[in-house]
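Scrolling down, you'll hit the structures one after another.
Next come two complexes, and both contain chain A; in the first it sits with chain B, in the second with chain C.
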Partner chain A sequence: MAANAGHKIRNAKLVLLGDVGTGKSSLVLRFVKGQFVEFQESTIGAAFFSQTLAVNDETVKFEIWDTAGQERYHSLAPMYYRGAAAAIVVYDITNAASFTRAKKWVQELQAQGNPNTIMALAGNKADMVEARQVPAEEAKTYAQENGLFFMETSAKTAINVNDVFHEIAKRLLQGQQAQDTPAGMVLNQRPAERMVSSSSCCS
Partner chain B sequence: MEDPTGNNPSDAPPPDSPPEKRFASLSLPPDFEIQEDDDDDEGYLTAVSRGGSITSATAAWKDDLEDADVAPPSPSSSGYAGERGTSLASSAAANDDPEPQPDDDWPRDKKHLHEDDTSASWRKRKKHFFILSNSGKPIYSRYGDEHKLAGFSATLQAIISFVENSGDHIKFVRAAKHQIVFLVKGPIYLVCISCTEESYEGLRGQLELMYGQMLLILTKSVNRCFEKNPKFDMAPLLGGTDAVFLSLIHAFSWNPATFLHAYTCLPLAQSTRQAASAVLQDIADSGVLFALLMCEHKVISLVGAQKAILHPDDIFLLSNFILSSESFRTSESFSPICLPRYNSMAFLYAYVHFFDENTYLTLLTARSDAFYDLKDSRSRIQNVLLKANVLVEVQRSLRESALRIEDLPADPSSQSVSPPPQFSQDVHSQLLSSEMAIGGPAGLWHFIYKSIYLDQYVSSEFPLIISNPKQQKRLYKAYQKLYASMHDKATGPHKTQFRRDEDYVLFCWITQDFELYAAFNPLADKSQAIKVCNRVCQWIRDLENEIFVYGESTLSW
Partner chain C sequence: MRREEASAAAAAAAEAGTPRSPDLHDLSDDSDYAAAAAASSSHSAMRSDLVDQGSGETAKVDVVYEKERVTIHPTQYGSGRISGKLRLYLQQGSLFVSWEPNEGVDSSSSNSATMEIEKYRNLYTIKALPLSDVRFIRKHTPTFGFEYIIIVLSSGLAFPPFYFYNGGLRELFATLKKHVFIIRSDDDPNVFLVNDFQDPLQKSLSSLELPGVATVANAMSRQNSLSFTSSVDGARHGSDAKHGASSSMTEFVSKKNHSSNDPGRDLSIQVLEKFSLVTKFARDTTSSLFRENHSSSGRTYGRQQQEYVLDNRANDKYKDQQITPDKGSLLSDSMKSDKILAWGKPRGQPLSVDEWRSFLDPEGRVMDSKALREKVFYGGIDHVLRKEVWKFLLGYHEYDSTYAEREYLSVMKRTEYEAIKSQWKSISSTQAKRFTKFRERKGLIDKDVVRTDRSVPYYEGDDNQNVLVLRDILLTYSFYNFDLGYCQGMSDFLAPILYVMEDESESFWCFAILMERLGANFNRDQNGMHAQLLALSKLVELLDPQLHNYFQKNDCLNYFFCFRWVLIQFKREFSFDQIMLLWEVLWTHYWSEHFHLYLCVAILKRYRTRIIGEQMDFDTLLKFINELSGEINLDRAIQDAEALCEQAGPNGAACIPPGTPPSMPIETDGGLYVQEDEVM
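Showing the complex of A and B:
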């Protein structure tokens, strides 16, 4: 994951949404730090991470918002998904209610988010197949119908975790080439400024 | 219960104090008397038999939260993350565990979700806290699953509304050893049921803090949900905050901020603190409402935008919230929080970043889009702190700078047993060890000094003789009672109190400038004790530039 390949780095705001306990923080920690803890505590508000990914010759710097799944923070979600280039909606394959909740997040993003936001649907805890409540086929069909890309992931075993982020990065770069109009992809201007002032703080 | 040694409201002024600081003649409220069966501390062992490496109040983490753990620890839920009761799966130490554990090991998984009001273990708990709605719906319970406590909650609600229907308000009910304290806050009821012999005022103050902690998470606008729907189920809104309330309840037994309504600072050289304050002030001038740099629950520096004042209770509740939520330590966070004393109706946004294991910066703003600005500010602050070596000094202070009673300077005018510092090491340590058997000078064991003007307190490190968490908790409980009786609205406020029981001599002295709470060996001599208290006050004045934060512009409360 070389951040410095000599060409410009693309900033991309990415938000994770999903019900309580689906493993959003675990996915991010697996991706950013390569760590996993069995008893991850509840996220408060939203936690911010950054991580760079090299795709072919280009580099994407993800600015990741790991939002809290708790009900009291739902009304604040727009603050975090506004202007996001990508969103990962996470559910827990062992919890049907969390899949229902994920569909609501998708609806909300479709209604209020940016139409160009790349959306991924992640069925997490894929290592716990014996407790599965959400058939992979069902989620896959739903994802196709709604223009999401879908993967089952496991933060615990690391299956497909990097792949989700990698796929998002690929699509971001493709999307950029396909339509060079910046409309809808405009990120908050501040992160761009920040790149100059404090390039040392990215891990 | 008459105390054999007598609780002496003294009638003589302290020998070294000006005449106006006279001892008031006191009549103590009945609940101030020490009862003979202090069963909250069953399993209490005498101090000397316990070594233990616990040397400060903050190290008292393992404290058992009040009670006998008759039941086995509740099973942890499975899954990666969770809402309620999924904190650390540490095993609960039994009350009669003979060995004090080292720091940071108090069991967080103490909710005992399998219990309800029909369980014998639940009923044996020494101190319950409940939050419920005015329709009787459970919102929070310290022990057991809220959902299973619906019937019990309804009973509490019935008691409250029965009294309210007759145009009155219920404050507390006493039933044998149990005290049930009620606090009504609009549509939200808070109840504490305790047999810990704490005072009504003390317990009500704890309920006030519980309410404040709830507001910090939700703001008072949660009341509107009840206006729309009186049957509103509020419990889910507090999802994932069990650790916050658990840590708050734990603080009631170790953190003096919970009853003194003051905060404490990390001792630092004046120049070090100034370096931190200067950069925080810069940041505050650029649109941040409050900037706080803290180490654990101790303030390193804090500044507010002009005219903005941070109440000590808000500092306490905020730091409790941050320190008890593991999530803040994993990365930078940006979260809505409410400071109940500042504005209980509105959310502020808190940028939180941990520089190391225990030192963290909190920047508060009213702007929801300020994250990247605050992130920049943090990196500026971090640069200055690193350049000025502040973070290193903080760690050093944490290890070394505790106030130890054996360091109390000798009174030059009297024949003191304390050796001058140039004494040879051998003699020095010999004298120290003999002194430690009875406590510090004149049998002084511990003190807390609160500066009224600054709303800050300092407390001495616990001596070996009060080294285990149970003993420390017991002393804090005694201080809390002392505080309550000194500030009793009916009979007080009082200026001094000297009382002796089988555990301690307690002395409290309140002036316009400070409140001093001191604990001595139960055999301590009164006039000697008072002399030592004067020395303590002088000592604090000598050290004040290092142990207190003096705000340049905004900290006049």
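Showing the complex of A and C:
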């Protein structure tokens, strides 16, 4: 995960959206610091993190915006997803309402956000299968229909966490190659090309 | 006089007809009150009889007001009450007040209390007090219990409160207005300043000085008055904040005209001119020196003197305080001994148990709330006292309430809390299935309470009962204030309160009253937050133009990087112990209701070199600010904020629009917390 020196570093703004208590902050902290706390405090306003990720011989520097989940703070969200190259919409597999909410976020991003934004759908708390309320198949189908890539993750056990970010990085770079941009792109202003294919990463 | 009596009686009748809150009727278990209620129907007839008698017997005495069952409570116990008769009468053109206890012992008094009460009987009797000796009368109309007045003399002495068991307060003031010159204080609408001018010319001249009511008040504050000193400073940071700089300028101009014949004025101008020459740095130095030199009597003086220095204009609002020669020499001494070059006053010791006791009168009233707030502002509160003192700071208890009144309030409020709580407790699982909003709120609260301050031992561990209490209070609040509901951040406010109160109902009410001021932080349209962030931006522009320019150039003027600081008043930036200290400091509203905004400016200024030097953009800035959590030196930040507050003066207050939280919201017909079309 260390930054790969000697190559171009791509900056990419990434935003996490999703219902209250789905584990947005936990996913970020697992990815950025390798940590997990059982009772992660609620996010007030927004938090910002950065983390670099090497993909083959290239490096992506993620500028991650972690947002507050409550609907009440919805009016602040556009400030954070505006200009994002990528978004991870998070729901909790043990909470059906959070999946409904995730779909609303996807709709909003499709309507308001940049069409080129790479969107991932993360079904978090995958370690708690015994309490599952959202079947993986249902989420996978929804993701395919809406051009997202989908993974079930667990910030607690670290399952698929780095993978989500890695996949986003890969797609960002692919998009860039397809676009054949001559110099290092500034993704937070002009996001990557639209993904040609959208597929589930979770089988 | 007859006609006056008739109109006064009509006023009394009108007052009696005023609908009262049911809570007042709940006092019917009080035998005094029951007796008073029974007597009230025959009251006016009885009264006129006495008047006839009075005017017949003493030829030159004209009784213009008389009220039975005006009672004092010399002890904190309900049994210790002395009922009496309050009269206003004219003698040789002057108005006098008298209060005579009733003969014998009140039926309500138990034998054991009788002896003790007897000794107060003579002590509190007022034979003939000329109104010219009265400085002001403070009126109290508590939500619970009887209305009462406190009479404060020019000497600074105060009589114990007179409780009006039969009502009649309005009538009293109506009568006073007819016979003496009485004006409502600009600073406190419950304070009526009295001046029994004999000379009609002097009276009219004085009325020209109406905006200068504070002058009268200030003169008093030097005389060791009891509770009034607070109003001067309160006004500066309270009402100035509301009216803005323009009104204070008007006041300045209008008063300048009247003061031209003031013999002390020339001297004061000289002093001011001398000060206007000093540099800002020297000003800051003298500011701190003034505070160092505070004696208990010169406290307000010192602060106001700084305003002159800092405002650098000849506002002679407090002229009567600066012309005294001894104080002039104090100033020059301060100037000479320029040994301390520091921002803000050093932090003091927390309010101790003994100090707290000394603030209370025998019945438990806080005698000098201003001094108390000052003490708390500079040193905080010993933890064992927080449970008691926070209730005053938050406004759950009034400073002038007695032990008995507070106990009564507590009992009433406990019942009320249980009633509100039962509203959601009674929702069955079957009903909940058909009540999405309830399920969602409960779900949201359930998610938040388990991750609020769990590292604090009080909330630690599995199946922690205190976490459940947090849940219950928040859910009850979301029913009490259904429009506002629950919002993330509220649990952050509640956790320290419950930790301190260790009582569900008391915590609920303290939280609810805090939300009266801060509820707008959680409005869906974010208006409360926008108002504060806008004010913050104005304050930075005023106090650090260079930093303001930097933010402007870097598109950071929305100040969203301070969102968390403002929303939950630095809860996430400091340790649990520190936040209790900071909040009690903020709740004093000692320097400003919006001290937290000055604190934001102070912290930003501390890190301005890094912010500008590292050319932080919005993202970096937000990350940087969030990561300051646990790194900020609280004491130093408070000291800096105090200095900034002083430096900004009325110009700072003018940056903050009226109604900006934590100011009380401006009420509209549409309700305060309507959240339109909310999903949750």
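Note that the second predicted complex is superposed on the first by the 178 of 203 C-alpha atoms of A that agree within 3 Å, B and C clash if a C-alpha of one lies under 4 Å from a C-alpha of the other, contacts with A are read in each partner's own complex, and residues count from 1 in each chain.
Operating definition for what follows: contacts are C-beta pairs under 8 Å (C-beta built on N, C-alpha and C of every residue); 3 or more make two chains touch, one makes a residue touch a chain.
Model, not experiment: these values are computed from the prediction.
Engineer: Where does A:A68 make contact in the superposed view: on chain B (first), on chain C (second), on both, or on neither?
Structural biologist: The answer is both, since A:A68 touches chain B and chain C.
Engineer: Quick one: classify A:A97 as touching chain B (first), chain C (second), both or neither.
Structural biologist: So A:A97 only meets chain C here.
Engineer: With both complexes superposed on chain A, which partner does A:N146 reach: first (chain B), second (chain C), both or neither?
Structural biologist: In the superposition, A:N146 touches no partner, neither chain B nor chain C.
Engineer: Under the stated touch criterion, which partner chain does A:F49 make contact with: chain B (first), chain C (second), both, or neither?
Structural biologist: both
Engineer: Is A:E41 in contact with chain B, with chain C, with both, or with neither (first, second, both, neither)?
Structural biologist: A:E41: touches chain B and chain C.
Engineer: Hey, is it chain B or chain C that touches more of chain A?
Structural biologist: Comparing chain B with chain C, the partner touching more chain A residues is B.
Engineer: Once the shared chain is lined up, is A:N114 touching chain B (first), chain C (second), both, or neither of them?
Structural biologist: In the superposed model, A:N114 contacts neither chain B nor chain C.
Engineer: Scan A:L29 for contacts with chain B and chain C and give back first, second, both or neither.
Structural biologist: first
Engineer: Show me the chain A residues, by the header's touch rule, that chain B contacts in one structure and chain C contacts in the other.
Structural biologist: 20-21, 39-42, 44-49, 68-73, 76, 79
Engineer: Which residues of chain A touch chain C once you look at their complex with the stated criterion?
Structural biologist: 20-21, 39-42, 44-50, 63, 65, 68-76, 79, 97
Engineer: Please name which positions on chain A make contact with chain B in the complex.
Structural biologist: 20-26, 29, 38-49, 66, 68-73, 76, 79, 92, 94, 124-125, 155-156, 188, 190-191, 194, 197-198, 201
Engineer: Where on chain C is chain A touching in the complex?
Structural biologist: 440, 443-444, 447-448, 450-452, 454, 487-489, 491-492, 522, 524-526, 560, 563-564, 567-568, 572, 619-620, 622-623, 626, 675, 678-680
Engineer: So in the complex, the part of chain B that touches chain A is made up of which residues?
Structural biologist: Against chain A, the touching part of chain B is residues 76, 79-83, 86-89, 217-218, 236-241, 243, 321, 325-328, 330-337, 350, 368-369, 371-373, 375-376, 379.
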